[in-house]
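Chain IDs A, B, C and D follow the sequence of writing; residue 1 opens each chain.
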């Protein structure tokens, strides 16, 4: 009997940088992975007709539309993918979920916990995904595997910095990211949310934290930088720092974990590598292994190129989508989903509360 | 008047690793670049019907065929792209060129200089390209720009090593690469050809050389490793080493250039970076700049992702194809073409001659 | 007229790891620097006669003694250098200062602010030094110069981690460092004090902070790890982390500074290098300069070996001593002195207070 | 019975850069190592009285002299250490050996093989040493241990580059190094000799080679750069490059070894590190270990500072001298001695012959 392949028609709401990254994933996922579904790029939807038409044409979407409300309820749409500005996520996602669509949403999921929880509640009835794409960086997925194998052992320290520098440039083209009403926050939602999601995946829940939020730029509505100290439920302690003012760094999403048996270091600007320290190595050759995570034996890499041939940023979206579709076909739970993103949102809220009050703050529900 | 977009139907002969890399380029080039042509993936052609059908289906080729002779002369084919084993390059390319097709061919172009020259002669009447894709690594293209701007100055040293390790594994899946009749050579055609092409681009002609060719594996038909000392026409001196026995390295295509005013270092395993030493820097901060070549201001990068978001191996094929199509549209010369590949072939032949005779050998035509 | 060289007789109280490092400095400083004084290694003083005699003999001290009280008041002693355990610093230093001796003291200066202030008061009448030796790492001294030249510009972020791992080893030979009565604290006084001293030198006063102090080891009397968030008086924000539980790191005293015009990165495990990012570089070659800080044009390096010949840990003590002696001869102020160390002690106390109360804490006198 | 310590009076002939490095070693060796001898810095001897007196005074030599002939035969001298320009090595060494002195000599040992052999013959009756100090870099000594333990296995490739840049600076203070009559050669004797000595130690004899010698500077008497391809007796193949024209590099004495089971990489500008690739590591964490070679378990390091505290260039001389004195006391063979240096000299001569003839050249006696 032939493999049953169901066709899925996709509508994308949004068409900026993430619109390109997602379009690419929808196109490429079937080339690199054997999928149970065929994806059809049906509708791209955005505010400015001429712009959305140009993008839709370049990336091969069948239609360009400007009214998301009508799109998300169309009978011929199976999947709604949301990469509109943050303040629109909730209404689009809830409408799509209520229409029974599969819902994929960019991060940060929402403007606050209340909104996020409402979205998660709405989405409980449909397959859903939040684009915390860095979980599928092969090196980070390898880190997860090594931790699960006990290579790090009892954890002591978690240290994450997400360093960019474009915030210091007032002429940034990404202007909506500086407006509170659209973006909700600055470095917090944009960068810190990624670091927190990875920390939850790799090191588990955070129980309490204290933080500092800072805006260097006069009159800027959102935060330029945020720092937090945390206690994890597993007994380890952590630091988080996210900033758009780290001159010299472009996209340095970095973390280090030190445990009883080893340590791990990762830097997104070098995304094909993981540094692994293994305390079981013979004493005289102990030192961080510079692992080129392009196979053999590494997560996702066999789907891309032979060992030694590196992948880029966009492959993280492709791998995320492949995992999601495979989970969907097998009726298995996929992560990160809206519930996972609620956990991140709770942490962001605790960060805000702590920064306002100047005290340690318990994390909701932890 | 509207932009005139001509559709180009592509036939690909071959369907292995390079078949995937080229298919990807044909699909992706229009997403990242505004092109004067639309490419249609018309026919994928290979020896084993079931295998070529599977690949064609996965990558969206309209047809799968097994008889290249009939394909390359089809009226509905505009472009013939060759990624069959090396010994077939010449007959396919010549047939395609004689049929007036645009011809793209994998490297090494040919089994020897005679064959390469015949191919170049046949291709003089048609647009043609050789897939020395590494010229379009953004970091390498940046190196070229810096050299042209005089940032390196009078060159003293050129040093290239291309280090892989899979040759030490007798169970390699890429078995045809060990058979002389199909591959022609081992590390020479596979790896050294890349290093030589880059050297010609970056540092100009090589006038003479002395070399050593070595096969570590008993009964292996092709070379496992090759080393050469060279004198360049510009007065600098060079070393080249290509090997499949560099345990610890997977795809370390590395070069360094030292000139009067600066130096440059590149490693393909870190393809988004270039190290640049600038003697004009203030003395106390002189040191190799670790340049993350993802923009702004770097070749090709504005077509891909924002600064700080790295690209992968496959993007070099996309950028190569984009440049080729733009040159074709503007009727401008494209490099590297078959003539450029003849120059590489002459160097490979000089390497063979020198190794056999144990003496310095002048390079033909230099 | 011949240069007048005054002979200085030195007594050292202590003979452990720091006893070796200081002995070496007293012996070597005259070889690498032209000094206004001759140093005579007169007396080494310690608790265990046999041990102190062995050390004194190996390092060429004239006498070995066990009673520091009688030593520090001897007429033939000009300099008292203190590297006994922390809880003895105050009484020795005060006795020596009251006897009119030049006083040099290991860090942390004291067990608390009250003690430190008393020491500083006593020492105001004599030349004094605290061995925050890392100020004289050539790369760090270069960082200071670059900052003073405006190469970093308005500062945004300061980030310091001092990572060691030996605390996880219960059989450490340095057992006194785990006893509160002798050491006063753990990572705080031992490691964080260095990071704070450098931050004060490079980025100025800290106005307030919030912190976390943690001991992983059951029943251990002192802290294994400490983390702090800080606000600097200059408007920048900072993080500090010091730990003896960073598996994989041996002596990673690391800091990064990001300012408007550039950034700087340093790692003590690579002490001959400084990474410098200069926003004034041409855009296409912007990237961290890997500066090998061995000259020419770098602080201290002309006194040691030619450019490219690296120095080790001990040279930081030699350079510190040379500067101190030259300042003494010229009657110029030397830093870091006891007053500087009081500032560090105030910060350590604020860290303790904040950790106990769980709130932000103003720094005394800032 | 007390340990019998014999006093050894040292005379040094020469007082330049190496005079400082050797003086330091004579002074420091007894501080870091328990020695069977006491060294007394008796006489420093050089051509210019004022200069040698200044140096002798700064480094604590008892006397300054200008007539080496009378010094090397003095009854009160036990050890003659030679760091005069290269052309004087032979006559001084032979005179000292004939006078029954222990003879230590800087590298390159001699101006040619004949001279070197005469020196070795004369020195057979006395303890002797050649200052190929890099053998005692802890990281290199560790490399040797790992090779002997079989961690590299059957060797395939040896690749050495010694890159400096000061040759491009016509105002170099080290002018004698450019004069053929005093230096004998340029990069060959100064740099390549080090690389060859290490290769002989780590990878055994070289059987044949082909080479290129180049002088970039008009009218310069000695070579600026030299390159060689080699075949080792063990079946591996090698490349060597030494140059004073590698702009961007100050003292990059670098080598890589690839064998069946692993590989090793070293760079003198990072002398406290060794990169070790171990094919026995679990596949998913294979990657070069960045080993900080400061102990525990590393050669020499326990004599210096605790783990994580790096050493500098000069410690290689100290460790060399310590090993020599211990071998002398135990009547054991020490390496590298004059015979070892003759082997290097034969290789240098083969390099010259090959470069002149343009052919492969067998190495004498190999």
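Assume a residue touches a chain if its C-beta (ideal position, glycine included) is under 8 Å from a C-beta of that chain, and two chains touch if they have at least 3 such contacts.
Please read these numbers as outputs of a predicted model, since none were measured by experiment.
Undergrad: Measuring between Cα centroids, what's the chain most distant from chain B?
TA: Following the centroid criterion, the farthest chain would be C.
Undergrad: Hey, which pair has more contacts between C-betas, A-B or B-D?
TA: B-D
Undergrad: In angstrom, rounded to a whole number, how far apart do the mean CA points of chain B and chain C lie?
TA: Each chain's C-alpha centroid was found; their separation is 54 Å.
Undergrad: Would you mind pulling out the distance in Å between where the CA atoms of chain A average out and where those of chain B do?
TA: So the centroids are 35 Å from each other.
Undergrad: Once you find the CA centre of chain B and the CA centre of chain D, what distance in Å lies between them?
TA: Those two chain centres are 42 Å apart.
Undergrad: Taking each residue of chain A in turn, which ones touch at least two of the other chains?
TA: Chain A, residues with two or more chain partners: 249, 288, 292.
Undergrad: Going by the contact rule at the top, pick out the chain C residues touching chain A in the complex.
TA: For chain C paired with chain A, touching residues are 156-157, 159, 161, 163, 165, 168, 210-212, 214, 216, 225, 227-229, 231, 235, 237, 239, 241, 243, 245-249, 258-263, 277, 279, 288, 358-360.
Undergrad: Enumerate the contact residues on chain C facing chain D in the complex.
TA: It is residues 17, 20-21, 23-24, 27-28, 30-31, 34, 58-60, 164, 166, 249-252, 269-272, 292, 294, 304-315 of chain C that touch chain D.
Undergrad: Can you tell me which positions in chain A touch chain D when the two form their complex?
TA: Contacts found on chain A: 142, 145-146, 151, 273, 275-276, 278, 281, 283-292, 296-298.
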